[in-house]
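After this come two complexes, each holding chain A, first together with chain B and then together with chain C.
For the complex of A and B:
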């Protein structure tokens, strides 16, 4: 086997086709997109070379600043909440529900498999104000509060967006983290209990350190997913009201395909890529440190 | 391992790589063509594919009717296939399709005349002046409609006048009578009528904030009365800016209506259909809309207040303003174009059949006035007749707010209209955003 895999031509033969496909469908478009950052125009009108104009424009565009701020706010808040909630749920599965957690896990995982558009429609109806009063506003009314136009201002729309994505994704992180938690040796927990450790101490000194690798992987997944949020925003608010809930991805899409500025759209994409890279490096670095500590 | 087997492996590697590359090239080639769902690209369409905004039900319904009746033979040769896309996503879809030379046989050519012109410059749009002359049916199109099209779309006749619309306020006669209100003659009258309706517990205006344009139309309506019919042309020519005080003032006037709650709750979430339904259920007194809405008015399952109960008045005069209420916004609806690249004899046959029959059929079936000349003038229902008379009386047409804007300014204007009217954005900020977006393009 070693001899076969040691042969360069065999490696080339085995990897070649996959590498070729990958190059053509991933690397080439990525490089073309990078090339677009130096051009202006679109597929209908043709392209003209503009040098670094698109990149400098990024720093002066108030819409980019706004979209960047929204993206960061959304990513940090949602990542924190969905990993924390997922972790809480995983701990619940392992330590409270134990063997009976199967049904609860399935139920809580269910929103993950629903299509985003369906979930967004569901939430639009939940938080509707007109022409019908949705359940949330009906509850507010019955408690004596006035109806709230949830999609009418930035703050409320943001809250609904976070709630929706939290509901949609917490089940996934719970299952992911559950897989990490069940790996913790029962003997170690037993030993700690015999030493007199309470539940909180157990979680803090045994469970968290031992599940740190999977926790950090979840963070990387989550931060990359939330920085690139697109479908749930489009389906729920379409970036509105105004452009208040427009993340970088949606602004990039609009710029390229609605406004016909492929070059500038590609520059926004580049910015997003750099952002994802920075966050991932940051999380991985802390991960390496933490793992050695544990 | 001997030299022979090594050589054979090297050849195998080459073969595998070669086959994979060829397969990929074939795949890429497939990806590039095949536009409009199932048409086979490049001038030989197998279907009369038609991409239209989902909000428009009039044209698809009418073409479907024609395909079963007058245009049956043409439909047999080239079956009609309608595909819809939400209007807010139309421009994106068009740009993608046009970029790949994959536009369907016929399509709604964009939310802005600017995009339609871009498509034309790229040679995507069929020139109807030439085509209809060649087909011998140019006299089936009303000259007024052709001139409106030319004034909007860069001097060319490259979109079809499936609709010939005027815009203004439709009001519920019974609600007006019950509250002792008269048709407003001035803008101040309109505001005081709205106040009276609001006081009586009736929502004064029904409008779609999700679409945005029903709100920005009010701004341009006010501007054309206050500053004259060329108010928006001056912005395009650079003689005025949207941030000039008189322009901001118009936005302020419309924002004031929202501030008083005259558009009801949750304006930003109200879509087109909901806005129409609210009016047709008798829950709102006034609806600003184009005459394309007659199709919905004629639908008895939608119209609960009855067509007799609906009246029309143009955007009223602004006292001391330079414009007059006889100047009406006119348009041909969302522009519907034909692909120059997909045109062939069979498409020509369809086009000829449409030119000869659409005008009559749309008047009879949908009460919708088009730019196609009907063979005979059928008995018109009162509302259609009212529109026809108003069209005849109109001395000069005006432009809607976004008519001369680029794609970005149009999007910015329409998505920020609801926040403006809901009071979440100041008129200064709104006009500045739109002006900046117009300037950046």
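For the complex of A and C:
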């Protein structure tokens, strides 16, 4: 039996294609990209060896510092808000709407399946000031406020960006966390209620600790996505005004393809990868400490 | 009795209001978008943003489809996402089977290698791939997109399928082998059909992921004939010289409501798949 289950030829036939594509198109390019960090130039002009120049340049480039700061600010704020909002919605589904939450869940999940580019264009027009006055400015006007040029400065553009990505993703995290919450045994909640626990106490002492694992996987998932933000920014602000809303991903893209600096682009990509790794490890480590403390 | 009813209603009022507000926030922009796709340019610039279309201008849709080249973009998206999805499913399910059902040394290491791919940002592979496709003469075709999409979709698919096959008792396949089937036959006649629902879920998740991709499509489409729907939409205003609101809204509508229709059609399986995956992760 082991001979058949371990048949080398069959394993090769089944695993071969996937492993080949994955190796050639993911693993090897990652290694080549690491190699690029020591070079300057691009595919058309050729490469020349520059040693660690690209890495040193990373630490002195004010644009990188700005893009890094923007990425971190965006990632931390959006991850916090989207997981918190999703958690709130999940609690609403499980404890307030109970069995009847199906339709609401489906409707609030709508934005998740929509293409980011389409949503970004929609939000651009929704917050527009001229030539047409979008609904948001129309509401401001009817309340007696002046219209706001939402894409005219970094602060306002950032607010629209965060609002848009919350709109897009809250429904997803709600469903993800909902799956964790429905697994909490009904008897446990009933027992706590009989002991006289109020809704808030119930949430704090029973629901949150019991849903910790799924909450943590949501955080890891979310931070890995928000650090890599690209579509939303490109389609909503294209990094502007100026380069005020440019994250690392977009800066890497511009450096590589607008300026043809592959070596430096690869260095920025490496920085992004390290960032994702660090944050994932950070979330996992802090979770382990929580578990051992309690 | 009546007071009990009233007090119960009053108690639920905040929750109902909250749900109503959430629903309006999610649904209203979509309604506004749909109504806008039937308006004339004049209504956009001079009318109230709340108004309904005066005389429903259906030609916005034909303008978007032909003058706006949306037909080309949709065709390109279908021609890249379709083959990539087929490769991802076929290769991914087979690999999941080989890694979980078959017994051999080093399979855990290989599974872990696939897992690593989930975290690597796309930016990390763009530059070497761009160079390779250029040297292979693939630039100017849709192949770079199909190949890259296949590779990017594999890690998650392999991981999810391996998790799925782990839950199936190996005895089923052993019985098939005792009856004289080869493992290859056992995979195609038993493994793949059994995993039908899981395959469906994975394919759906990957479809939305690839259809909505911008980074890869933007990198490897150097001419306007090759643009996928997302890249095309991003450059849509350029086709007309100035912002033509009606056709733009119609183009966004086609993209948005197309995805929405597909999602509603397949809704229950998506929700089930997501919930299943979340509990395991």
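Throughout what follows, the second predicted complex is superposed on the first by the 270 of 294 C-alpha atoms of A that agree within 3 Å, B and C clash if a C-alpha of one lies under 4 Å from a C-alpha of the other, contacts with A are read in each partner's own complex, and residues count from 1 in each chain.
Note that a contact is a pair of C-beta atoms (placed from the backbone, for glycine too) under 8 Å apart; a residue touches a chain by one contact, two chains touch by 3 or more.
In this text the structure is predicted, and so the values were computed from the model without any measurement.
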Touching partner for A:13 - first (chain B), second (chain C), both, neither: both
First, second, both or neither for A:209, with chain B first and chain C second: neither
First, second, both or neither for A:43, with chain B first and chain C second: both
Greater chain A contact set [chain C / chain B]: C
Touching partner for A:129 - first (chain B), second (chain C), both, neither: first
Contacts of A:258 with chain B and chain C, given as first, second, both or neither: first
Touched partner set for A:152, first chain B, second chain C, both or neither: first
Touched partner set for A:243, first chain B, second chain C, both or neither: first
Chain B versus chain C as contact partner of A:225, first or second or both or neither: neither
Chain B/chain C common contact set on chain A: 7, 10, 13, 17, 21, 24, 42-44, 131, 253, 257
List of chain B residues in touch with chain A within their complex: 1, 6, 9-10, 12-13, 16-17, 20-21, 24, 28, 88, 91-92, 95-96, 98-100, 115, 118-119, 121-122, 124, 264-270, 274, 277-278, 283, 406-408, 411-412, 415-416, 418-419, 422, 424-425, 441
Complex interface listing, chain A residues touching chain C: 1-2, 4-8, 10-11, 13-15, 17-19, 21-22, 24-30, 32-33, 36, 42-44, 89, 92, 96-97, 104-111, 113-119, 121-123, 125-126, 131-135, 138, 167, 171, 175-176, 178-180, 183, 214, 217, 224, 227-228, 230-231, 234-235, 249, 252-253, 256-257, 262, 265-266, 268-270, 272-273, 276-277, 280
Footprint of chain B on chain A - complex, ascending: 7, 9-10, 12-13, 16-17, 20-21, 24, 42-45, 124, 128-131, 147, 149, 151-154, 238-244, 253-254, 257-260
Chain C to chain A touching residues, read off their complex: 15, 18-19, 22-23, 25-27, 29-30, 32-33, 36, 44-45, 48-50, 87, 90-92, 94-95, 97-99, 101-104, 110, 113-114, 117, 119-132, 134-135, 147-148, 150-152, 154-155, 158, 170, 173-174, 177, 182-184, 187, 208, 211-212, 214-215, 218-219, 229-230, 233-234, 236, 243, 245, 248-249, 252, 255-256, 259-260, 262-264, 267, 271, 274-275, 278-279, 281
